[in-house]
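Next, two complexes with chain A in common: one pairs it with chain B, the other with chain C.
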Partner chain A sequence: MGSPLFLVIVALVFIPLLLGLRLSMQKYSYGIPGGFIGLQNYVSVLRDPATLTAAVHTAGYMIVAVVLELVLGVCFALALNEPFRGRGMVMAALILPWALPSVVSSILWLRIFNPDNGLLNTVLLRAHILAEPKVWFSSRGWAIVFIALVHSWGVVPLITLIIMAGLQGIEDQIYDAAAVEGASAWQQFRYLTAPLLRPALAVALTTGTVIAIAIFDEIYVLTGYQLNTFSLMMQAYQTTFTKLQFGKGAAFAYLVTLATGLFAIGYVWSLRRSEQ
Partner chain B sequence: MRTSRGVRIVRAVTIAVLLVWSLGPILLGVLTSISTQAEVQAGQWLPTSMNLSGYRALLTSGGAATTSGFVPSEIAAFGRAMLNSVVITLETTAVLLVLAVTAGYAFSRLRFPGRRVMFGSLVATLIVPALAVIVPLWRVMANLHLIGTQGGLLLIYVSANAPLAVWLMYVHARELPISVEEAALSDGCTRFQAFRLVVLPQLRGGIAAVAAIMALSVWGEFFIPLLFAPTAATKPVTVLITEFVGKYTTNQPLLAAAGILMLVPPALLAIVLSRQIRGLLSGWSG
Partner chain C sequence: MTRRTFARLASLLAAAAMVAVACTSGGNSTSTTAGASPSISGQTITVLLPPWANVPKDILQTFTDQTGVNVDLQVTGWDAIRNKVAIAGAANTPLADVTEFDWSWTGQFGRAGWYLPLQDKLAPGVIDGLQNNGAFTVDDNQYAVCYSNDFRISANNTKMFSDAGIDTAPTTFDELTADLQQIKDAGVAENPLTMPLSATEGTATLWYLLTLAYGGQLFDENFQPAFTSPDSGGYQALQFMVDAVDKGFVTPGAVSLTDTQSDNRYTSGSAAVTLSGGPDEMVVANDPSQSKIVGDGAFMLVPGVDGPGATFGLPEGLGVMSTSEHPDAAMAFLNWWEQQDTQLALQKSIGLLPCSTAAVQTLVDQGKLVGGDTINQQLQHVAPLFPQGAPPWYTDFSTKAAALINAAASGDMSVQDALNQLASEAQTLQSEA
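Coming up: the complex of A and B.
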């Protein structure tokens, strides 16, 4: 049974991967095949000012999302680590946002950020923090923060589970010893839990980063083709499937893949180094 | 950890924040879906009565809208898109389960030539981002005339999800004690009987978890069908609903109703899965 599956994977993953590499070195627009042009597509992607803008936006999404995910993930995991009545139901509530299609999450949050009658503006207007309704998504900074927030709504459950798994691996006895020595709850967290949780945090950080680099659905729904919120994936998608520049699109995809890989390797490496 | 009063209060507050964060947007969506647009516009968060016209319009392809003799095409297409999503999700999950259970078991138990290479390359595809494959894959599928076909979509979903499914089943199968199977074999069971009668029942929990994870992944997929399922016969509800946004900013209850209808199947699966997760994390009794 392993072999037919293997053939399908070869046909649909490995062969396209190689075809993509060849494509990325060709001048190829839809229907108009061109010749081999070496690394020219890569150079043109890297020289395109739109690439830099999209990279800056993506870094913004990534930082906001990963910080939010780790802070909430650690808090939720610590709160759920010990049994209490109704924990099963809280767990179901926790993983619910992860289970929903990101397109649906975005539509739900649209109700909060809607400029005319959204929850956010309603609350801020009633509290007299805002004098008039604010169109949040027309500002680049707010748009990036709020899109990242919607993105992390679906990722926090996963990060929480990773950290919970890390907490399960910590022996209870060390806390007993610390309590005997008179360590406060904060000190126990700061000097025992946090260092021992480091491997789980690294996994969580890598997972969060890799998912955030590929951010696409939430932007597509919340701001669409609004250029000041374009991420790398949106840019790659537009290059390939709107402008139909297949060669350049393939080069773009390879560069994003490379960047993702470097982040993952970087985290693993820094984790190894900190353990020595 | 000895829990002081302060720690207990912090924990209770955190749980409250978790519930509001997770359930708040969903609750808001439910309330919006049963409001009227006038109520939404007036900033009235609790509707005075249940207005189900959004649901009715979506589920009866037009419903209230037909009285005016005109059904916008996206609304008319909603039922079909829901059906497309259900069909492709069930198909993919079924194929993936057969592949994952057999391949996962084979990789964990049987020694056959090329096993390491196959398993290694299968797991390696886990870290290949979809983006790197999608541009050439789109051309391959276009050349084979498989874009906008149920079969093409199934093929892509299976290959995209198989590595994770096989790996998860492999991890489950590896944990099973081999002695029970050996006993069955020495009692005269064939290899297949031992698999069917001894292994499969023990894998039930793992199968349920893998099925739920795969179904959720396919149900929520957006980028792949955006490219590979543009036809009415294949377009899933995730792609269709993005056509509602913008067009129906003046009918928020309708948009919310569409979102809530899409949310029901994954919400049910999430509840099933949360039980499995409790089983996975050891030392759970809550």
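Coming up: the complex of A and C.
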């Protein structure tokens, strides 16, 4: 209990968490503190219609991003789990998007989606798929899909690595035995790989969900404060640093943390249930 | 630092960490010896400024030579400075002696008591000699002095105008509309006007500019919205912006353009007119490494209803934080910065347009300011955006304004609906404040 590591964790994690919790119960108006107000900040956040809108947008990002990340992550992991020439190069290339800061990758994608001279419009116009340049972020549905795509581009490498770690934990003898029994490649995946990958998938799912709920940089760079793409974390940022309502901002952050925690607990619970 | 102060600071830092705000920072420092003022000589002040105010070391040295005060200059992003000031201010802990103080912070940061009132501490005559300085005053207190005389001014491409058979710049919105149509019809430019319409600050700034240019104001003296009536300046301004998209004067992609990207369309020769440029517009337009219209760009007065319209300043100032440990040395720094020689040296080295009327006139007389005559004329039409001082909720209002203008320009909302919603938001913000 008295180890230095424990003290560091207490100092850097638990104390700030407790102080943040206290802050979330204080009133701040444009930076000026106004005293203890109990759970009023939490009630105010939950009653704000903008919170619901931001939650809907965030759910959209989360669903699109997590599905995309899991599907692509499993495909890439299966492909990279087999030995082939240049595998190391491919692995390095795959990691690159994860290594890029999300602001940088968003700026790169902004050039691709630029309605006037972006790569996407240029290619589609030259291929006569589009008759005129398209403004990609003008409709809410497509804006959410494209932003989730940009987000996933950076997260897929991480998900791939998590699933690869799971794949490498499955012993080859199991596949050898299945092959002897006449199981096809699909049957091996369906009845061996998928069930044995569940722990890794749960970790990937939880990680992808947590990162998707915290989406901020991509939206800020690609669409700014556009009404139809506002996320929960943007709302929290605006509350904290634009309105300078530090207490309400802290309450917002705790509610988002709570929601994220519930997702994580839900995934772990469903994993254990399926194992039983 | 008391326990309570520490606890408050730690709380704010924890909250800041939880919302995952990334702040960039960098910096440099200058320190020398030599002294002129015995009481402050030998002190070191920390100055926190954005990248465009990164004062060269040799210029800072002149301050040290005059006063004996050393300067630790920290340069970081504008947004990061705002966030740092807010957190340090709320926690009542020292951040820096002198910081950037944007005009839009006056209501929030001034009223919060995070900066010292300067009116009784500055050298005599300093405030009177400055343009664009009123934006830093609220409740009769001056919280900063202007160091960057930023304001909005329009610009056109004289070659494109000439190619379309137009030889004079428009001074009214009717003339501007006719000229844009003529340029479009002549095939000189498909979208002859450029403007930012994304949900970013530059879009709101353009709307504010056009509101003033149409002879309107955003709010009355009691901060009640004055832009919902169809004959108001604000309504006509937004209608002009939406019409510009509908008529094809502006590319439909403008709804994704920030102010910088919009300006790129002007300097790349794609557009013949940009309405809300800055006083450094021609520096970029005449730089071959950044522009394809070298020699063709020219400032023009912001159009109005019957003649040149009003514009407004976005001055940036220097403020002294209430927690400053060396307030006298900090004041000496402000007084030094506002000297004409210092302003001229800064204009020459980093391009900051001086706030001193005399310094601007000197630059115009010496022919050292590109488009100086037009700049001087435009400066006579500068009006404050908030004559009664910026309200504390300005930043929040501006964010909402940008988002709603974007929605109107995208066709998601009518002009009336967007402005009604914005008025409602403004009333809510005012009542909460």
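We adopt the following convention: the second predicted complex is superposed on the first by the 257 of 276 C-alpha atoms of A that agree within 3 Å, B and C clash if a C-alpha of one lies under 4 Å from a C-alpha of the other, contacts with A are read in each partner's own complex, and residues count from 1 in each chain.
Here is the rule we go by: a contact is a pair of C-beta atoms (placed from the backbone, for glycine too) under 8 Å apart; a residue touches a chain by one contact, two chains touch by 3 or more.
Keep in mind it's a predicted model, so treat the numbers as computed, not measured.
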Report clash or fit for the pair chain B and chain C bound to chain A in the combined superposed model. clash
Chain A contact check, chain B vs chain C, more residues touched by chain B
Just checking: does A:Gly224 make contact with chain B only, chain C only, both, or neither of them? Give me first, second, both or neither. both
Can A:Leu72 be said to touch chain B (first), chain C (second), both, or neither? first
Between chain B (first) and chain C (second), which does A:Ala253 come into contact with in this model arrangement: first, second, both, or neither? both
Partner chain in contact with A:Pro115 - chain B first, chain C second, else both or neither: second
Which of the two partners, first being chain B and second being chain C, lies in contact with A:Pro97: first, second, both, or neither? first
A:Phe14 contacts which: chain B (first), chain C (second), both, neither? first
Considering only the touch criterion stated at the top, classify A:Leu244 as touching first (chain B), second (chain C), both, or neither. second
Once chain A of both complexes is superposed, is A:Ala214 in touch with chain B (first), chain C (second), both, or neither? both
Regarding the shared-chain residue A:Ser29, is it in contact with chain B (first), chain C (second), both, or neither? second
Candidates 43-51, 133-141 or 259-267 of chain B: the single one with C-alpha clashes against chain C: 133-141
Overlap of chain C and chain B interfaces on chain A (superposed complexes): 15-17, 19-20, 23, 103, 114, 116, 214, 216-217, 224, 233, 236-237, 240-241, 246, 249-250, 253-254, 257
What does chain A use to touch chain C in their complex? 15-17, 19-20, 22-24, 28-33, 103, 113-116, 133, 135-138, 214, 216-217, 223-228, 230, 233, 236-238, 240-244, 246, 249-250, 252-254, 257
Quick one: in the complex, what on chain A touches chain B? 1-3, 5-6, 8-9, 11-17, 19-20, 23, 72, 75-76, 78-80, 82-88, 90-105, 107-112, 114, 116-117, 119, 122, 153, 156-157, 161, 164-165, 168, 172, 175, 179, 185, 188, 210, 214, 216-217, 220-221, 224, 233, 236-237, 240-241, 246, 249-250, 253-254, 256-257, 260-261, 264
Within their complex, state which residues of chain B touch chain A. 1-4, 6-7, 11, 14-15, 17-19, 21-23, 25-26, 28-29, 32, 40-43, 45, 99, 102-103, 106-107, 112, 115, 118, 121-122, 125, 127-140, 155-156, 158-160, 162-163, 166, 216, 219-223, 227, 238, 241-242, 245-246, 249, 252, 255-256, 258-259, 262-263, 266-267, 269-271, 273-275, 277-278, 281-286
Chain A-facing residues of chain C, complex: 7-8, 10-22, 82-83, 86, 89-90, 108-109, 111-112, 114, 198-200, 251-253, 255-256, 258, 261, 265, 270, 392-393, 395-396, 399, 402-404, 406-407, 410, 412, 432-433
